[in-house]
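Two complexes come next, and they have one chain in common, chain A, joined by chain B in the first and chain C in the second.
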Partner chain A sequence: MSERQLLVGPFNRVEGDLEIRLDVAEGRVAAAWANSPLFRGFEMMLTGRDPRDALTITPRICGICSISQSAAAAFALAEASGAEMPEQGALAAAILHGVENLADHLTHFALFFMPDFARPVYAGRAWHGRAVEAFTAQEGSVARALLEARARLFHIVGLLGGKWPHTLAIQPAGVTRTPDARDKVKIQTALRAHRRALETVLFGARLEEFAALDSVAGLEAWGTGAAGLFGEIAADLGLATLGRGPGRYLSCGAYPMPEGRATRAGVWEAGALRAFDPAEVVEDLSHAWMLGGAAHPAEGVTAPDEDMREPGYSWCKAPRLAGGTVEVGALARQVVDGHPLALALADEAGVRARIAGRLLEIARTQLWLEDWAARLDPAARFMGDWDLPKDGAGAGLVEAARGTLGHWLRIERGRIAGYQIVAPTTWNFSPRDAEGVPGPVEAALVGCPVVEAEETPVAVQHVVRSFDPCMVCTVH
Partner chain B sequence: MSRIETFYEVMRSQGITRRSFMKYCSLTAAALGLGPAFVPKIAQAMETKPRTPVIWVHGLECTCCSESFIRSAHPLAKDVVLSMISLDYDDTLMAAAGHQAEAALEDTIEKYRGNYILAVEGNPPLNEDGMFCIVGGKPFVEQLRHAAKDAKAIISWGACASYGCVQAAKPNPTRATPVHKVITDKPIIKVPGCPPIAEVMTGVITYMLTFDRLPELDRQGRPKMFYSQRIHDKCYRRPHFDAGQFVEAWDDENAKKGYCLYKMGCKGPTTYNACSTVRWNEGVSFPIQSGHGCIGCSEDGFWDQGSFYDRVTDLTQFGVEANADQVGMAAAGVVGGGIALHAAVSALKSAQKKTQDKPASEEV
Partner chain C sequence: MNVLWLQSAGCGGCTMSLLCAENPNLFDTLGDAGISFLWHPALSVETGAEVRALLDAVERGETVLDVLCVEGSIVTGPKGTGKFHMLSGTGRAMLDWVRALAPMAEHVVAVGSCAAFGGITAAGGNPAGAIGLQYDGAHAGGALDEGFRSRSGLPVINVAGCPTHPAWVTETLLMLAGGLIGAGDLDRYRRPRFYADHLVHHGCPKNEYYEYKASARALSELGCMMEHLGCVGTQAVGDCNIRPWNGEGSCTRGGYPCIACTSPEFEEPGHTYTETPTIAGIPVGLPSDMPKAWFMALASLSKAATPRRIDVNAHSDRIRVAPAPKRET
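Our next item is the complex of A and B:
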């Protein structure tokens, strides 16, 4: 038997529900189809509501990237109404968002991705004992240590936003909470504690050293902490060449500030960076269980095809940029921003590159947060005035942990007339388009080894999890 | 059925010391509002009783409940509870994958038939035969019914499982339906909130594991120990409400002074939850403390009550330093309205769930 079909799913340790169908031939994946089997219809519920409701409703798309959703909604409302955040408001919003992104990366690394290497299938490998000790689900020492560090990091969101998940503090014209001097000290203390956890457990060295890596050789020589263990595993299992993405990366630039975004916006392709034009985004519906035609999100509608007719096979729409697929996420952001290590990994584009990009971003985000916290000025204004327009339109583009997130909003007669959301995993886990071009993860899975006896091929799981899918955001 | 280890054995095997164990027992007693006399009782129960297996399933949801849960306050509480319940099946956190995971679910149901607690996060969509949420190739509603059949009791985590939450917002495209409308023959305990507070989640589970019965529930099926008071009753900004001092606009002088957010649409006066006492993210804060009003996320239908920034009623503002009696009466009016509404809803529902209300406050 050399040809067979496999249905991999439900996928645990990813956020939300996911099913992957595989054609296997000669011990390798020949073709893959990614199905997002969960649909809730947020865009339909938002229509007809008070536009400000988007600030409360859209975060509830997702319990792990709720601040990203609330920030995108706030910026869409801001563009529609002309509201502007005062400098300090933008800073506080960036801190809230940065904490969430950083925490999401830790969750992914410690709870979702690494536990796969503690599986019995790898018993006998030189590193297996250490992987078991560090990452066994719910018990591993590193998993526990990072989970605890992450919980303490969220005190910052508590101080600035009241509660997490589903924080309400970010508004179109700033944030609702003015931190006082004591809050500022508490935030800085929490960040110091978090740095200590990262440096002892994750990197085994100073953050600055990891952030300063500028070559693949440097990455491969990194031997300390859980990052070192990952490097050893990646080398042994050949994760560098596993699961290659499209090699085209998109980022809209993370953390809007008055002086500009903290990371560059752009599209990186074939060794060159070009500007990102949101007008080039089109959502293709040919293989989604959706009615209607391909459209830019500002004109798009969400009308589920309740008969689930073929060739549709997913609730997920297929966003394309200038007709092509792009990969989004930490690696994409770092490549577009021009970090030397990320650029060195841009063409490698596989599982190792994605995880390394995320580790790099963990280090850099911690450094940014420390800088931003030091710049907080409790005496300044954190929110400006704004008025909701009767009619208007706006887009809110932000970088969530998993990549570029866009909200497109249209207001007519004081009510939401149209709302479309394109989430990071919508990009990465999109189904095929009208040309039959598979989405990034579908393409990345082709060639993945499948051992004869395997029902849930472990290599497939590494590839899928390396994208850090957030399936509840994907379809929403 | 094979012998199930006791809580204490599980904890010790997880490397938790006796000293920490005793500390946990006193913390639990305190959190549940029980006196010190209950500490040895809790300890003894945990030393001798077999641990309660828990199956945790996910429907239409956003995983915010799980997220809240893994960040509960006392790291010990989280460790202990996690090791106690061992989450025999949890598709977000467990180790196994794919068919293996499905087999683990079957094994757990088989092994602990009639003894496990089913924790449900999210809810089933019923439109199109449940095709909007597929788990393991089958509609989630089937998994839910299947897992509920042999459960001892069900916990509905969060607003989704308890009431429907945002995916049930008009026009409710998928017909997202709360758990109690699908499962009608089991005791169900609702722990609403979006998400519920972590300490409330661990508190409820600990109580059930320790005393082997459901905590006392109110008419809506919520544990009284956490949902018997309004946010407003224990809000630290309450004196400003009573004094008629309100925030009039975001970030105005009054906001900086921490005045009451009632005029900014705060739903604290009609929301029953423990946010203003237990608080969030390990007791750090809660939405009102961050300058944003409560949106009432633990109340049924909070997602379809008009704008989140509308005032709860048309109560005219109180004069500065208004007479305490007047304010008290006005506030009581609000409460009265709230209760009447609750009562009406409960009466409607009681017809269909009489059977499950009965055992709720007794042995499961």
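Our next item is the complex of A and C:
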């Protein structure tokens, strides 16, 4: 088979714009380059403004990770100002954020990832008819049911946070709306309805049973619901070995609360967990259309190279942790948290592991939300006082649906003097670094099968979408 | 009616909001009315080469296009090239694509304030050179010039909002399909009047506080947010408090100010979003259709007449004093 180059784009059913360039040889991807072709310049927009404006502007970086962005901004401002959320304010913020993350996982599974298996290229497979019925784009029964479940779930954000996306409810010292007893039972009612949808459509069984899986054999034996259909497809198409990531996973720990984060923070590599030190983060600019040198985000600047000179090939910077690439996302979060199923999938590290990690997190997030809603105390305070400092610096690290998100803020004379953002897909879809080391998705695509007649290889699409990229966050 | 949806330089939030359409869900709301997506970047199965073929067919006129929806601003930088946003896989700037495809469409709809006016992408010195489809901020003429008309004879329809309410988008499309939108159904910034003839103030649950100018001084207090916290709901178009968001929400119901996200240049209010600038203690930007002297006179009278219940609750994060209707006491 001849060697050829492919340009895959517009690459849809990912959030935002993505272009993938492929070198193909002997029926497999030999090398891949991920280009984030949109630059807007949010970090430049923020400079010189009142620091509180970050709470209004940064959610608008991304319409799908909007609450994640607002939470990161709130925590960065909190660190810079010494503000603290009252316990119940942090709980309400976690509920808002958890709802977004849960909804994003559903959007990804039902609308972005699964419709590819309804493609005619898979006609004749034992499961194809069921995939067509369940997941055909804009028509499938499961897609429709989960779309409706997602819209109803967001009523919780309507109630606690006014609207979704782009709420301003999360502030450095708490949340703007104090829920009353009636809000609490409405939230719990919405969650019970959501559990029913998940158990009926997605899992075909009790959530607790999926959350209790602790082995690959257990996952493979899961036969019910859309999760079971995915397992059947994954086994038939060999999705376990497709699209292997670096096997290094990062999580800063999800949902900061006074008693600690709901999931563990750390870096997992070669079977061992070590502490995550944000000081080890460096953004490399060697292959980005960016001027300047590599820097830690607290010192970083964003200056686009208007001439788009080579070797740059993307507006995305290349973050590295202690010099290496890491994968972030639901799987990474669950591995770092030490969930037995995620640990069993950590070395597999491919398409199946990523999707299973997300399904696992759907089940666990629903359970966390139920617990948090039960703990809401309408008699408590949800907002404290805080004052903006004239000078200060802070970082806000949160877990978005797609992984670790960091905001680094510097305040001088009451204005924003520096603002740098490293988003989950900045990690996963980074370009090459100065050493020539490809970013995680670029490396994961190598070896991916490409059929001779394919212009837009379907296996490549599975791998790319398994990361659930959010390209609008990536460059911002 | 077919719809080609392009995501330009924005956050994708208007699509994400659209997916929150309810009663019935988005697929049924549009599909049952015969409205289908020729292509949508978040929803359609087609990727890569399939999409390039589809776009080419529209550009050549082989596929007749009913509605072109554009979400996100159009970036013109660097140096007027539009290369800050190349439509992936095509080697062409989105600026170029929009100019090529808009004349082919029966209707062109700007979804969201970015596509309408430039929006948040044009904030803070506008590093990417973001403009709207047919406006640059409040000024007529954007990626398409001031005189542009789609095949229907209408200018670009601006479904402004950041994000858009799902029903603003679905109802605009349903009305277009039903032949229910003419030039007279658009307001001065060409926003559909069915939602732009209302103010965010209409139906705001803080209206009683507004009547007495019983004002919140910090976010989370129940009082009206106009005097201190930057709320411009009295001057912002939108039916947000008549037809709430995500069940029963709105910005003011969530306890934070309306920032007039349906207005051109809302991204640069000239002050911190959550603070009301004052001149000699008087908030600037009072309701525009009321003489300022009258407003001040009424405000000082009503402030003086504020019942204790309203005064206490305005400065609290929950209702402390319940109403006591005369007939019940």
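Here, the second predicted complex is superposed on the first by the 475 of 476 C-alpha atoms of A that agree within 3 Å, B and C clash if a C-alpha of one lies under 4 Å from a C-alpha of the other, contacts with A are read in each partner's own complex, and residues count from 1 in each chain.
Just so it is clear, contacts are C-beta pairs under 8 Å (C-beta built on N, C-alpha and C of every residue); 3 or more make two chains touch, one makes a residue touch a chain.
In this text the structure is predicted, and so the values were computed from the model without any measurement.
Engineer: Give one word, clash or fit, describing how chain B and chain C relate on chain A after superposing.
Structural biologist: Verdict on chain A: clash between chain B and chain C.
Engineer: Looking at the overlay, what does A:M290 touch: chain B (first), chain C (second), both, or neither?
Structural biologist: The answer is neither, since A:M290 touches no partner chain.
Engineer: Could you say whether A:Q171 touches chain B, chain C, both of them, or neither, answering first, second, both or neither?
Structural biologist: both
Engineer: Quick check on the superposed pair: does A:C316 touch chain B, chain C, both, or neither? Answer first, second, both or neither.
Structural biologist: Neither chain B nor chain C is touched by A:C316.
Engineer: Scan A:L376 for contacts with chain B and chain C and give back first, second, both or neither.
Structural biologist: neither
Engineer: Does the superposition put A:L91 against chain B (first), chain C (second), both, or neither?
Structural biologist: neither
Engineer: Touching A:A118 in the superposition: chain B (first), chain C (second), both, neither?
Structural biologist: Both partners, chain B and chain C.
Engineer: Report for A:L18: first if it touches chain B alone, second if chain C alone, otherwise both or neither.
Structural biologist: It touches chain C, and chain B stays clear.
Engineer: Share the list of chain A residues that count as touching for chain B in one structure and for chain C in the other.
Structural biologist: 7-13, 15-17, 19, 37-41, 44-45, 48, 50, 52-53, 55-57, 60-64, 66, 111, 115, 118-119, 136-139, 144, 147-148, 150-152, 154-155, 157-169, 171, 174, 176-178, 304, 306, 308, 315, 381-383, 385, 455-456, 461, 472
Engineer: Where on chain A is chain B touching in the complex?
Structural biologist: The contact residues of chain A facing chain B are 7-13, 15-17, 19, 37-42, 44-45, 48, 50, 52-53, 55-57, 60-64, 66, 111, 115, 118-119, 136-139, 144, 147-148, 150-152, 154-155, 157-169, 171, 173-174, 176-178, 304, 306, 308, 315, 381-385, 455-456, 461, 472.
Engineer: Which of the residues in chain A come into contact with chain C in the complex?
Structural biologist: 7-13, 15-19, 35, 37-41, 44-50, 52-53, 55-57, 60-64, 66, 107, 111-112, 115-116, 118-119, 136-139, 143-144, 147-148, 150-152, 154-155, 157-169, 171, 174-178, 180, 304, 306-308, 315, 378, 381-383, 385, 455-456, 461, 472
Engineer: Going by the contact rule set out above, which residues of chain B touch chain A in the complex?
Structural biologist: For this pair, the touching residues of chain B are 14, 58, 60-68, 70-71, 75, 79, 82, 87, 91-102, 125, 127-128, 131-137, 165-167, 169-174, 176, 194-195, 249-251, 255-256, 275, 279-282, 284-292, 295, 297, 303, 306-309.
Engineer: Could you please specify the touching residues of chain C with respect to chain A in the complex?
Structural biologist: Listed in rising order, the residues are 7, 9-17, 19-22, 25-28, 31, 37, 39-52, 75, 77-79, 83-90, 120-121, 123-128, 130, 162-163, 218-220, 240, 244-257, 259, 261, 267, 272-275, 317-318.
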